[in-house]
Amino acid sequence: MTDGENQKSNAVVTTGTGWERELYYDDDLSKHPVVRELSAVFPDDFLDAVRFRNETTIYVTPARFRDIAMYMRDHEKLQINFLSDLTAVDMLNLRTAPRFDVTAQLYSIPNRVRLRMKTSIDDGQSVPSLVPVFNGANWMERECYDMFGIFFEGHPNLRRILLQDDWDEGHPLRKDYPTRGWKDFPVYNKERTIRRTKTRWTGRGV
Amino acid sequence: MGDQPIWITFIVTFVIMIVLLTSMAYTTWYERKVLARFQDRIGPTRTGPAGLLQPLADAVKLMGKEDLIPEAADRKVFYFAPMITFITAILAAAVIPWGGTIELFGQSVNLYPTDLNVGALFILATGSIGVYGIILGGWSSGNRYSLLGAIRSAAQVISYELILGFSLVGIFIITGTMSLKEIMFRQHETISFGPFEIANWFVLSQPLAFVLFVIAAVAETNRAPFDLPEAESELVAGFMTEYSAMRFALYFLGEYISMIIMSLFASTLFLGGTSGPGADTYWPLGIMWLVLKAIAFLFFYIWLRATLPRFRFDQLMGLAWKVLLPLAILNIALTAFFRLIGNGQVF
Amino acid sequence: MEPTKTEFNVMESTQTDYSGTLMVEDEHELASGERVMTLNMGPQHPSTHGVMRVLLKLDGETVIECDPMIGYLHRGTEKLSETKRYAQIVPWTDRLDYTAAPQNNLGYVLAVEKLLGLNVPERAQYWRVIMVELSRLASHLVWLGTHALDIGALSMSLYTFREREMIMDIFETFCGARLTTNMMEIGGFSRPLPDTLIEQIRNFLRVFPNRITEYTDLLTANPIWLARTKGVGVITPEAATSYSLTGACLRGSGINYDIRKADPYLVYDQLDFEVPLGQFGDVFDRYLVRVEEMRQAHKIITQALNYIEHDDRPMMAYESAYVMPPHMGTMTTAEDMQRHFVWVIKGFSAPIGEVYHAIEHGKGEFGIHIVSDGGSMPYRMRIRTPDYVNLGVLPHMAQGAMLADMVALIGTIDIVLGSVDR
Amino acid sequence: MSWELVFFAVFSAAMLLTGIGVVALENPVHSAISLVGCFINVAALFVMLGAEFLGVLQIIIYTGAVLVLVLFTIMLVDPNKLPAFYVGKPMQRNVSAIVGAILMVELGVAIVTRVALEQIGPHTNAMVDQMGGNVQAIGQVMLSEYALAFEVASLVLTVGVVGAVVVGLPNRLGALDTVTMSLGHSRGAEDAIAAGPKFESPMNIPAERYVAPVGERKVVMTKDPDKYTHPGETSK
């Protein structure tokens, strides 16, 4: 059942068609097939493309976040059919507005290329949910909501997932959330939640 | 039964009870040791030589623990449910014969508590009462895992008791009796097989029934791979989830006593009981043979537990009703047919 | 700005996962549902592999709905990583999937090295491969033992843990720790190898193939095992892709996605091994795939060890800015001592940018996404653990399964709650 | 006073007490347990009469099988949730009293005719002993004299079993059509319900059943990452 003789026999496409794997890693970003396609099909909603350490990041508007993902999934040649990861980054300390970057790590299993798709939103603004495109987005978006308070429009079951349902301290991965939580943060919590006790040797409170 | 004074019966029963309760404690030790060998371990070693005092330590621990009763429990039922299992398990020992009538200190002593003429069915009957301990224990705990375990157990025991009963019918047809003593002594006879004389054990004439009996006996005592009522992986501990301390121990002991009784029962019915070299002249040898057979059967129980995964519930019921029951009926029909041939009523 | 609204595409909804929509807190809302029993499986349940709670709605013993609830072991690793310097985060990754700590270390370390642009010496890369494959074996052995134990094969767990013990001993020889190894360092390995290590690994490699045969003898042809695993928990290839499954869950459904082949890291492109793929995507296929992966891991370790056994080259990248100076240098030269001081107290400044690096963890794709603002600590670090994403398919698989299948289904995903909850 | 009389008194008293318990106890499970006790005492009386076989059958069939199933059903029903109909209506009480009285009279008549008029049937103790025990006697009578009744009874039971299966066939998953959406977090719930559309339940779709292929199963081995990347390629 093994077939290791000719590793190149099933390469995705032949050269010269404009869909080679090399083009995804070409220094000239405009040759990147995703960039090429999206700027033709979604000229208003495809904002930017960035390359760092051989990884491509595309920026899209939140309005067409899902549509672009669905377009790339169903595209005959792009076949970006796998959602590796979906998360958000709180850009509070890096820029003034918009606040969050919602980041989807996409992957094409047939083409073997990665792509990072980003969209920027403000606090309170919602992003279209990717659940109708990738079922796996369900829990990722729930976690994103849990940790950042980002609403995913159209998500079937947007509940907290890692924190308990009655967590009332907000969303912990935001940059303005103190590492020890609000309740133990002395500026916000004047009353100590841990009781002061006198130690035996020093007599001082701990 | 009438030929000995009743106080001798009491003494015999007392001795059998003591031996049974001790052996039950040591069955736990035996299982732990054998299982450990199967699993590349050495088992209990710390309490006494080779861990021989481990059952005592366990008993002390279990008696010393707090007896918890959950708030949602039905207290009265919860209280006596384990006892049903325990008592009915011990009750079944009443009809197991350990030999014939012997002369001891000038008295004739029967080596069996009673020779009931429906002895085989009596064991099945105690088993069917014993299931109440499981169902009521599961229900009264007020726990859903326990309830599921109880339901599974009820369905399982009813199904497999049927097969257990049916697998015995072949022997009843051959011997024409249901008394365990008579069945056992029928196996002391030898049959000549060419130049060889071999014992007339019913495992030779009823091999299919023996296989069915073994499967049903394992299922009836809720042991692996049929230990669904207490499947620890999905139902935590099934009907015993909420039990602790001595009440848990009663269930535990009840299970081990059932195992021992089933081993003795199988040895008596199929493996010749006390039959063996020298057993006809020296009665202690007969008891030794019976014990050895029972120990071998117990070893088989533990072997199964160490080797096999657990059935799923629907597969278990499917096995009982779709495979074993038709085979049991086939066995009855075949046995009856050959019996008729033997009687000269057919050809 | 108003929240943007897009019209919802109804046509797509047939393929969509609605798991957990039937979260009825009040039982009276199930008007005709007298036959439905709610069973709370966990958080203290022996077969949820840790502190997971699964809320089951049962019709008899048939599961009609399943809602996994996680987070009992949430320790906020991602938030904590934002307050730790890059080198300090490595021990935290041990605690994610504690059955395969070297793999977590490797995933993190490779992501940081990618961010920094570090080139690690070949010898260190080979040793990383050996350690990671050993740890993959350890992880698979724990999975096989517990999975078989769930289904009722009692002795299996003791057999697999016997071999895992040998691997743990190898780890102990290599780095001093057994479970939370903290093994990988940014830039390679800074310490020399112990003398007995290679002999120990050779010992293990000699006995292990026979031990795999023991496992398969006990399980693969066992009718009860087949009845419990065949046709249970089927995931179609489409569903597996859509649910973002990775690892054996995806390959068991027949989709060829192994990052070691698809997107090679370390020296995997120079090693000869095969990727096993299942055909039907049920529990049995995933079992076969994982067992075959153990054989392949054995093959990889043998090759790597044969290649690197008599090698004597350095194992640490020499990038003065990013790695700790050598121990002897710190003790003897002023420059190295100063660099050591700065490295320990202040750390190093990573370049501005963001990277995502995924490795093929024993359980699937383990990805680290680091956003760097140029400081000595990650601005945001996202840990994509395979178990968390794979667990999301449980409600899909559980529909219509029996209660006893639930333990097989939880077992076949191969979760470790430390990794799920992070 | 002979020991037999003492045992008889004990067993019958226990039987009567547990029989009263069946109707008097409030919890249906307790009633069922009483019934179990009653049956066991009946079995004991059978054994005292020398009919061990009947006694054992009483336990195996009635206690071990029938009552287990009854208990099984009762256990699953929460008595607090039963509709008022089952609690009992005045008419039911009256009818039950009348029926009970009629049965009592019938039983009395039977006993009186047997004992007082000495109309004892052909199966005397001597005859049973001659047949070789009560097991053999019952067997012979059942399969010769009452063979027709025996077969008819088994037919009736078969019909009963088939009927029970038909009545009890579940319409799987059909009962669940009400679905609500609950979003645990209070703040999240308000916003998310406003933001997203509601979905229909997927639970109406019957769960997919999969038949495991027969025969040996093998994994496909590949070294090429570009092969088998589309669904269904491996099974070709």
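Labels for the chains are A, B, C and D, by order of writing; each one numbers its residues from 1.
Operating definition for what follows: contacts are C-beta pairs under 8 Å (C-beta built on N, C-alpha and C of every residue); 3 or more make two chains touch, one makes a residue touch a chain.
This one's a predicted model, so the numbers in the text were calculated from it and none came from an experiment.
Between A-C and B-C, more C-beta contact pairs are found at A-C. Overall, the chain located most centrally, as judged by its C-alpha mean against the mean of all protein C-alpha atoms, is C.
Chain A and chain C, compared by their mean Cα positions, are separated by 20 Å. Look at where the CA atoms of chain C average out and do the same for chain D: the two points lie 49 Å apart. Look at where the CA atoms of chain B average out and do the same for chain D: the two points lie 25 Å apart.
Contact with two or more other chains is made by residues 3, 8, 13, 16, 18, 21, 23, 241, 255-257, 262, 272, 274 of chain C.
Counting partner chains per residue, chain B shows two or more touched chains at no residue at all.
Multi-chain contact residues of chain A (touching two or more other chains): 2, 4, 109, 112, 126, 151, 153-154, 156-157, 159.
Taken as a graph of touching chains, this assembly has some other topology, since it is neither a line, a ring, a star nor fully connected. Two chains count as a pair here when they touch; such pairs are A-C, A-D, B-C, B-D, C-D. Chain contact summary for the complex, chain B toward chain D: residues 74, 76-77, 116-118, 121-122, 124-125, 127-129, 131-132, 135-136, 139, 147, 150-151, 154, 157-158, 161, 165, 178.
By the touch criterion stated above, chain C contacts chain D in their complex at residues 3, 8, 13, 16, 18, 21-25, 29-33, 35-36, 59-60, 62, 64-65, 230-231, 234, 236-238, 241, 254-258, 261-262, 272-280, 282, 284-285, 288-289, 292, 399-401.
Within the complex formed with chain C, the chain A residues making contact are 2, 4, 52-53, 55, 57, 62-64, 66-67, 70, 81-85, 87, 89-90, 93-94, 103, 105, 109, 112, 114, 116, 122, 124-126, 128, 131-140, 143, 147, 151, 153-154, 156-157, 159, 161-164, 172-173, 177, 179.
Contact residues on chain D toward chain A in their complex (touch as defined above): 181, 183-186, 188, 191-192, 195-197, 199, 218-227, 229-230. Against chain B, the residues of chain C that register as touching in their complex are 37, 39-40, 45-47, 61, 148-155, 158-159, 162, 218-219, 222, 224-225, 227-228, 402-407.
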